[in-house]
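Each chain gets a letter, A, B, C, D and E, in the order it is written, and its residues are counted from 1.
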Amino acid sequence: MIYASQSLGDLWVWLLERLAEFCGWLGIPEVIRYSVEKGAYAIGLLVFISLTALVLIYMERKVSAHMQLRYGPMWTGGWHGWSQTIADMIKLLLKEDVIPDKADRWVHRVAPIVVFVPSLLGFLVIPFDKHLIGADLNVGILIIFGFSSIAVLSIFMGGWASNNKYTLLGGLRSAAQMISYELPLVLSVLGVIMTVGSLKMSDIVMAQKDVWFLFTPNFLGFIIYIIAGTAEVNRTPFDIPEAESELVSGYNTEYSGLKYGFFMLSEFTNTFIISAIAATFFMGGWNGPSWLPGIVSFLGKTYLIVFLLMWFRWTFPRFRVDRLMDFGWKFLLPLSFFNILMIAVWVLVKK
Amino acid sequence: MGLVLDKAPYILESFPGGSYVVTSMDWVINWSRKSSLWPLSFGLACCAIEWMADVGSRNDFDRFGVFPRPTPRQADLIFISGTLTKKMASRVRRLYEQMAEPRYVISMGSCSNTGGPFYDSYSVVKGVDKVLPVDVYIAGCPPRPEAVLLSILKLQEKIMTETISHKK
Amino acid sequence: MTDQEILAKIAEKFPAVVESKPAAGTLPAYSLTVEAPAASIAEVCAWLKSGGLKFDYLASLSGVDLKDKLQVVYHLYSLEMKHKLVLKVNLDRAVPELPSVSSVWQAANWHEREAYDMFGIKFTGHPYLERILTAEGFEGYPLLKDFIAKPDQYD
Amino acid sequence: MTKIFKYTWAILKGMGITLKYFFIKPVTVQYPKEKIKISPRWRGTLKQLKNEKGEEACDGCRICEKICPVNCISMEVYKDEKKNRRFTSSYTVNFGRCMFCGLCVEACPKKCLVHTTDFEFCTYERESLILTKDKILR
Amino acid sequence: MTETLKNTGFEEMTLNMGPQHPSTHGVLHLLLKMDGEVITEARPDIGYLHRGMEKLAEKRTWGANIALSDRWDYIASMSNNFAAVLGPEKLMNIAVPKRAEYIRIIMAELNRIASHLIFFGTYGIDIGAFTPFFYAFREREMILDLYESVCGARLTYNYFRIGGVSADLPEEFVPGVKAFIKYFRPKLKEYDTLLSTNPIFMDRTVGVGAISKEEAVDWALSGPNIRASGISFDIRKEDPYSVYSEFDFNIPTGKNGDCWDRYMVRMNEMSESARIIEQALEKLEPGDIMAKVAKVIRPPAGEIYTHVEAPKGELGVYCISDGSTMPYRYKVRGPSFVNLAILQKMLRGLKIADVVAVLGSIDIVLGEVDR
């Protein structure tokens, strides 16, 4: 039986059980049942992702607007212009798709797809709620970081294929930046993994049932993670691959229409993933007050981090390229090593 | 997206009641286009400062979904905000050509309307319409930011009259 | 330093540099104005800057078309000694040429390019004497009094 | 170490300011719905006044036409023998060229040419920027 | 391409920055030769906004030239008006009424604040912080509202007249300015917290694009740019025009002449301007606003070079009159034009990210560069 107070995860498990019963009754093979189950989850995820991207873009515009003492989208129909992003997307969909004359046509075409697919796949291992996870792999977090490293490839592809000096510089910058910030990003999460002793997402969440890792010595790891994560998704103060005032629009300067839309969407889905990991690893994932459904608690935390990232973006100036590298290699990386050391000592002492 | 915009009206209109579908498609397409006019963040002269005032908090372009883009590829709208000189004319033309269809031009202020205070200068283009097809003209030198907002509303009205139908 | 002292100092070093008298019917000049011969302008300026007068700041360099002749006018300050000087050079309208002072004051670089662009005055020894303001392929020198703009496709 | 704290503190203070403004009511004036009060001195489009008899006050002295730095005013004048004064048969202002400098209004000896506070002047064609007498004389 | 690679081992890249670029402040075109991200040679290419102002000035009457002067440095039109009226006034030997002088100074100093606010906002955007722009424009709108109430325009004021000003102040102006200054002072502190002392901002600007004293004089920089290098050169003090000698104000100077110094000089100048305005408001007394001047202005034949301290630097006008209603020659010494010339020297050896930091810190207006 399900009750209203129970979480979405429980509902999902209940549905799966009914499905299994139904299949067993009809004698449908296990493989098909499994595909239906996962397929339904995937479709649900796709809907969720597109909604998330729309909400995030709208949220970014509203947050920035209110920080800047203005209203943001208001006129486009609906309450406070909520349909703004939908209009943007339809327009981008119907806009002429320009491929520059001297561009590498195929790479130019493929790059937006390459940027979008990894960020989609990243969603598979994010635990939205108890049992509500696409694949609870025992290498969960590795999958996300593995996929997110592909994003750099696509940005570089896009930058190089456009055959424009600004995009090339943007691509090169992004390659340098993302590779150097990947290290502190992974190392900061390593502290949590050491504390828990597992790479599995659900284990990490369960370990925070009593106290979030944010309030343990892992706090330092959280800060490093937020900084490196901001850099990983190319947001101010680390938005040098796009650097509007320097490189026009960076790697996506030559992209128009739908392809640019993909770049934009992936930026926001990546932001969501980074925030979701932060929520999972440091803020207890779907753990929360018992009266609150797990997914609400999880999304609340995630959007809090997203807001934090937006807050950064609309407050700070941009780093300079070489300072960014200095900061990454000379400050953040040693700091994350120190963090690991500290966590190791803490874990030992606790035992 | 040639399939939707070019082929679909032909196919649809051959069916009975197809023109209704085309009309409603028109509405959706025009609504999306008018609601998300992304201008090129590009300024020429004095009017560019008033254009910036439009981006600013008091007048806030963003309320109409106007969201400046730095690159012409992603822009739908170009404001010719200021004096267009002969040296700049070919560059502006190129910028316009780099923009993806559909694209719109707003001529802002007297200088770009007709040459304005520099109507007898040896180096000023006497009206941007000699270089680009202009959709809306704004009078003023420079126009108030509110007048620029009004020009956007006017352009939105104009966009709503567009159609993908081949039966004119 | 008073105007007379400056004038005496200049006359001592360069006798060819004389105080310029305003034409009949014109107002008297507001600040000390001297005229120098075109050929020696670079030396005069170099001395004005490094000599005892220390005119280290070139405020402005303007060309003037006086119909019968062209003129280049230098407005100089001394930031240290707080005096100023207007230096004028008359040029032949047919062959407007004079040495560049861009090696004396870097600021002269663009001013001279502008004067070249607007009046066709050639500054010999300028590192990069190209048109600076007008469009590519522009013909004529717009600030000359006899300049007539040719209408083109943009008019 | 103190440097890091100092930097962090400076960053946090900056973030505090943006957060403060996040909760303050925006200063935006929502233009088409609400309009800002424009100063009565605003130099908008031109308007000719009528005199107390209800006929046009302008007597065609052509001063505005002459003083206009951009030659955007043009008029034709005829003399009405009955009323013993001149009238304009046409009065055209090209607002496509007008630089709204206000010199014409200042120069008008009869004070019958004034600026309105009307700034909302957008058109689809360049020709409609030229206003003729029926639009100017109000 | 492969041959160059073989021969030299690296390839020099030419990057065209502008004329359409988000941070060239208009239509400046920069030709950059780069080795990777380091600039080996930079050449500003200007003239994309060349409107032939000096030629047009010879076809306009002296009065109409004031209207034209609004369009030189369109961010600080009041200062341009100031420069445009000083020359003919001196030639015609007009004594401007006291009230008009004070009004002029209030206007010019308010304009300095407005201009520096634009600098602050756009410099933030150049460096990558968008929000300061909106705060700066909020304050600027208030100044523009005050201007609008006086002269009926927001940007191209055409307010000064030869012999005075065109209109007297409306009633609400003086309290409005007082209220604005009271409101503005705390905001300056807020700007400092938000941007000036931000570590990232300082990292981007301190030590970048330094100009030494000698260079600054040699390239004849003026305004905040030369003051940032430590030279206290201000026309308001050096050669006081109007009634500036009556006021008590400091000239903020920098030390190293780097981007941060140039930025800070402007920020400090805003509070100094506010001081001047306060003093001028106190001295403001009822009286005439126009001297007795003939309707048709014909300055006697002669020539004069007048200069004012515009927000960007020394704005000089060299005008020659031949006794007619129009100037014979009207040369404008735009501070931005002179200040921009040093860019080719400063950029060498910097990174592309520094280009915008340096260019923004010089604070140019293309209308004045190209004229």
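By our rule, a residue touches a chain if its C-beta (ideal position, glycine included) is under 8 Å from a C-beta of that chain, and two chains touch if they have at least 3 such contacts.
A quick note: this is a predicted structure, and the numbers were derived from the prediction, not measured.
Chemist: Of all the other chains, whose mean CA position lies farthest from chain E?
Modeler: The most distant chain relative to chain E turns out to be A.
Chemist: Using C-alpha centres only, name the chain that sits farthest from chain C.
Modeler: A
Chemist: Between chain pairs D-E and B-C, which one is joined by a greater number of C-beta pairs in contact?
Modeler: D-E
Chemist: Of the chains shown, whose Cα mean is nearest the mean of all protein Cα atoms?
Modeler: Per-chain C-alpha centroids ranked by distance to the global centroid put E first.
Chemist: When the centre of a chain is set as the mean of its C-alpha atoms, what distance in Å lies between chain A and chain D?
Modeler: Taking the mean C-alpha position of each chain, the two centres sit 51 Å apart.
Chemist: Could you give the separation in Å between the centres of chain B and chain E, each centre being the mean of its C-alpha atoms?
Modeler: Here the centre of chain E sits 31 Å away from the centre of chain B.
Chemist: With centres defined as the mean C-alpha position, give me the chain A-chain C separation in Å.
Modeler: 64
Chemist: Indicate the whole-number Å distance between the mean C-alpha point of chain B and the mean C-alpha point of chain D.
Modeler: Going by mean C-alpha positions, chain B sits 23 Å from chain D.
Chemist: Using the touch rule from the top of the page, what residues of chain D touch 2 or more other chains?
Modeler: 11, 14, 17-18, 21, 26-28, 30, 38, 69, 99-101
Chemist: What positions in chain A touch 2 or more of the other chains?
Modeler: Expected reply: 65, 67-71, 74, 244, 248, 314-316.
Chemist: Two or more other chains touching the same residue: where does that happen in chain E?
Modeler: 21-22, 47, 50, 52, 55, 67-68, 70, 131, 133-135, 138, 156, 194-195, 198, 200, 370
Chemist: Determine which chains touch and list them pairwise.
Modeler: A-B, A-D, A-E, B-C, B-D, B-E, C-E, D-E
Chemist: Taking the touch rule as given, give the residues of chain E at its contact with chain B in the complex, in rising order.
Modeler: 19-22, 26-27, 47-52, 55-56, 59, 67-68, 70-71, 74-75, 118, 133-134, 137-138, 140-141, 144, 154-156, 366-367, 370
Chemist: Using the touch definition up top, name the residues of chain E that touch chain C in the complex.
Modeler: It is residues 46-47, 50, 52, 54-55, 90-91, 215, 217-220, 231, 233, 238, 300-305, 307, 314, 316, 318, 320, 323, 329, 331, 333, 337-338, 340-342, 345, 370-371 of chain E that touch chain C.
Chemist: Please give the residue numbers of chain A that touch chain E in the complex, ascending.
Modeler: 64, 67-70, 165-166, 169, 236-237, 239-240, 243-248, 314-323
Chemist: In the complex, go through chain D and note every residue touching chain A.
Modeler: Result: residues 11, 14-15, 17-19, 21-22, 24, 26-28, 30 of chain D touch chain A.
Chemist: Give the list of chain D residues in touch with chain E in this complex.
Modeler: So the residues of chain D in touch with chain E come to 7, 10-11, 13-14, 17-18, 21, 27, 38-39, 41-43, 67, 69, 99-103, 106, 115.
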